[in-house]
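The structure appears right after this line, and notes come after that.
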Amino acid sequence: MEQIIANGLYLGAQYALIALGLTLIFSLMNVLNFAHGQMYVFGGFVTYTVVVQLGLPFIVGLFASAIVLAVMGAAIEKFLFAPVVRRSKRDESTMLLAAGIAFFLDAVILLFFGEKQRGVPKIVNGVLNLDMRIIMPYDRILIGVLAILLIVAFIAFMHYSRTGRAMRALAQDKVAAQLMGVNVSRYSMIGFALGAMLAGLVGGLLVTITGVNLGMGGPTSVKAFLMIMIGGAGVISGAIAGGFILGMMESVGLTVLSAYGDITYLVIFASLMVFLAVRPQGLMGKPWG
Amino acid sequence: MTPILQIKNITKRYGGLTAVNDVSFDVKAGEILSVIGPNGAGKSTLFKLISSFVPATSGEVLFNGGRISSLAPHKVAQMGVVRTFQETTIFRSMTVRENIIVSHHLRSKASLFGFFLGTKQAKEDEAAFASSADDIVDFLGLQAIRNELASNLPQGHLRALGMAIGLATDPKVILLDEPFAGMNHDETMKMVGLVRRLRDERGVTVLLVEHDMPAVMKISDRIVCINFGQKIAEGTPQEIRENEKVIEAYLGSEDAAIGM
Amino acid sequence: MIGKKLLGFIAFLVVVFVLVPLFISATGRWDFFYTLTSVALLSVGAAGVWLTFYIGRINIGQGAYALIGGYVSTILVTQANVSFWLTLPLAGLFCAIISVAIGFPILRLRGVYFAMVTLVLTEVARLTALALPITNGAKGITSIPLPGELSIFGLTIIPAFGTLSNPRFGFYIMAVLLMIITYLVLWRIVNSRLGHLCRSLQQNEELSASIGVNTAYLRVLAYAISSFFGGIAGAMFASIAQSIYPSSFVVADSVNFMLYCFLGGLGYVFGPMLGTLLLYFGWDLLSIAREYQLLIYSGVMILLMLVLPNGVLSLLDKKEGSR
């Protein structure tokens, strides 16, 4: 039982971090970022390159992932999303663009890093063993703690910094924020960069444990969508709740349902459908977002 | 004769907030009745309750003696109680004429499948809708803009188009949500004339919600005043003008010129 | 006006039934038949997605219905010995019924919310196919017999595919016919009252209800028609490939259906057809670029979006002036 909860928390912290980036982008620009999973994979590969191929410390790799993805996110927003949002008749058009970017990133990853699974050697060795009730390698604990620290830092940033507050105002009411003098295009870009950076950071964290490969992008995006649907799209607390709930469900499901074969996700999806039929806006979302 | 519309003890609560509290009044066939009240008095909620767009917490609305609250909005419209919207609620990427034609939905005799096959009845319907749409265009004086895209229209025309959409459904009672909002004096006077003709020439009973007191005084047969979700007065424009509670409500909230 | 449309239609028929086969036999690229068959069938599915767009919903779940349709037809053919030609409409109907049950609750969702749920739906269909005994799990169902003869009162309308000297050509003709019928139906829907009401729904659901439209019913109806198209496309696919697996239609396929619609243009009935042709055929042609295939493909897609954010067919608008 304790083991399940510990696994759930560890998974949940990663998931919440991914969902936070996705929900931030969604709340600012009403864009569903299909490429989020690919950004996460890209972040993993950057850390891998820095640590394994250049032989630099892990922390440098993590920073590199954050910077590369932030720059990439800012560029994608400025040169791709902003012009399309401005000119298209229906805001759904951004979905085609997002999907195109997802494919494009897949192609870039394929060219630069190939199809192989890549990982980084363990950063700390040893396993925590509490009476055989909780068994968890130290590196997982470290990564879990780092993820939680990042979540806390993100929330603090959104609450206390000028930039964070401006973005929250923008997410709540675009028109009002504009009237108050918030520079919409600038903060959309910063928000997109920040969201992409979070995805890259999770990639950098997880490459040390599970490794990354080309095929992980799409499924990761689907999982991230699940999380923000559970919690309510565009709401920070919802993303965190969604991440931890999905992590827990996965952890419980893999233990309890393993006897019936690989049906954990089928059960999760089915219960989500029922949940959304009752509460379409998710746990903490506003009706109709 | 039973009133065409009876609002009976209707109440709407959102969480702890009571938006409309135990409001009752009748609307007689063929009259123009206005609901007035300061901002946030619950007028718009009242309209949504009557057109059944939101469910009432308690109380009911009767149309020709039959209960219409708790029916789906499209059912209420089918019975002949049709709501127009505040501001710019129209089908934006259709032309004026297309907007009006599509709104003739309720008058279709052919089924959707009949329209798909293009049966004789469907063709007759299409022709009838087109000529009725042209009638409405003439009635509201929209000839010059009939083929304009709705999203290109200025405010005043949008309001008229909203009314045209309502008229196309062949309503018995039409609910107009702030028909004079944002209009200058001339536009308002034109609209007042239009609403009158709606009743006089088309026999439609009109229930409207409005801020613009001079216009309301001019146009209404009777007025209902609500404040903080409660009905505080009901009567002819003359009676309302002299009602102390009404004056108090308006002076207490904002000293907007009531224009009395 | 009508004459012009008819002429265009005849020209289209001549191209697909005469010129394309001539071109293929002249160049010897018989594999193009297979590619074009796929294009035709995918565009049938895309037509359904387009119809859901027409009521203002982003549908990324067509892969689920294609998969369900494929399995329904396959199971009926292999286990109950039903004629393929009968299973084709049955697969569509089955999908339509399922979509009514699913659509009723989820069609209340709008925008991105609906999109995400439908995306999940594709994954649910795949996982269900993996878990159910009748679908034979990950191994799928293989060696499905080719469609047999279709005859009415002893009159052969379609010969058994096994007897054809060139079944590829036969499939091509069938798929294109199916596509033409689908788009005629779609065109008729859009230009009849049903389509006008769908459009009113797309633009403003509240106003639509207030003019007396039963919006819930109309949404479910459009979604059911959409899923019907998805189902028959999937059934035909399974029959051509003579096999079906849980991974025959996955999330990426659902996304692609949506992309075909976007690329062609959401405001044009024939948009999804053109979008499918450009994207699928383009992808196929790009295979000469080897490892750069995906890079070029997605790069071009992004560029197109930047240049023509309202779809390729929006080029037509500019010629006609502002509208």
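A, B and C label the chains in the order they appear, each numbered from 1.
The rule is short, and it goes like this: a contact is a pair of C-beta atoms (placed from the backbone, for glycine too) under 8 Å apart; a residue touches a chain by one contact, two chains touch by 3 or more.
The chain list, named the UniProt way, goes like this: A, C = Branched-chain amino acid ABC transporter permease; B = ABC transporter ATP-binding protein.
What you see is a predicted model; the values in this text were computed from it and never measured.
Participant: Which chains touch each other through the most C-beta pairs?
Facilitator: Of all chain pairs, the one joined by the most C-beta contacts is A-C.
Participant: Select the chain whose centre, defined as the mean of its C-alpha atoms, is least distant from the mean of all protein C-alpha atoms.
Facilitator: Of all chains shown, the one whose C-alpha centroid lies nearest the global centroid is C.
Participant: Measuring between Cα centroids, which chain is at the maximum distance from subunit A?
Facilitator: B
Participant: Counting in whole Å, what is the centre-to-centre distance of subunit A and subunit C, each centre being its mean C-alpha position?
Facilitator: Distance between chain centres, rounded to whole Å: 32 Å.
Participant: What is the distance in Å between the mean C-alpha positions of subunit A and subunit B?
Facilitator: Going by mean C-alpha positions, subunit A sits 47 Å from subunit B.
Participant: Counting in whole Å, what is the centre-to-centre distance of subunit B and subunit C, each centre being its mean C-alpha position?
Facilitator: Inter-chain centre distance comes to 43 Å.
Participant: Would you pick out the residues of subunit C that each touch at least 2 other chains?
Facilitator: Touching at least two other chains: none.
Participant: Give the list of subunit C residues in touch with subunit A in this complex.
Facilitator: 53, 58, 102, 105-106, 108-113, 115-117, 119-120, 123-124, 127-128, 130-131, 251-252, 255, 258-259, 262-263, 266-267, 291-292, 294-295, 297-299, 301-302, 305-306, 309-310
Participant: So in the complex, which bits of subunit C are touching subunit B?
Facilitator: It is residues 188-189, 192-194, 196-197, 199-200, 203-204, 206-207, 209-216, 221, 323 of subunit C that touch subunit B.
Participant: Which part of subunit A faces subunit C closely enough to touch in the complex?
Facilitator: These residues of subunit A touch subunit C: 26, 30, 32, 34, 80, 83-84, 87-90, 92-93, 95-97, 99-101, 103-104, 106-108, 110-111, 218, 222, 225-226, 228-229, 233, 261-263, 265-266, 269-270, 272-273, 276-277, 280-281, 288-289.
Participant: Give the list of subunit B residues in touch with subunit C in this complex.
Facilitator: Residue list for subunit B touching subunit C: 51, 53, 72-74, 77-78, 82-85, 89-94, 98, 101-103, 105-106, 108, 110, 112, 115-116, 118, 122, 125-126, 149, 165-166, 168-169.
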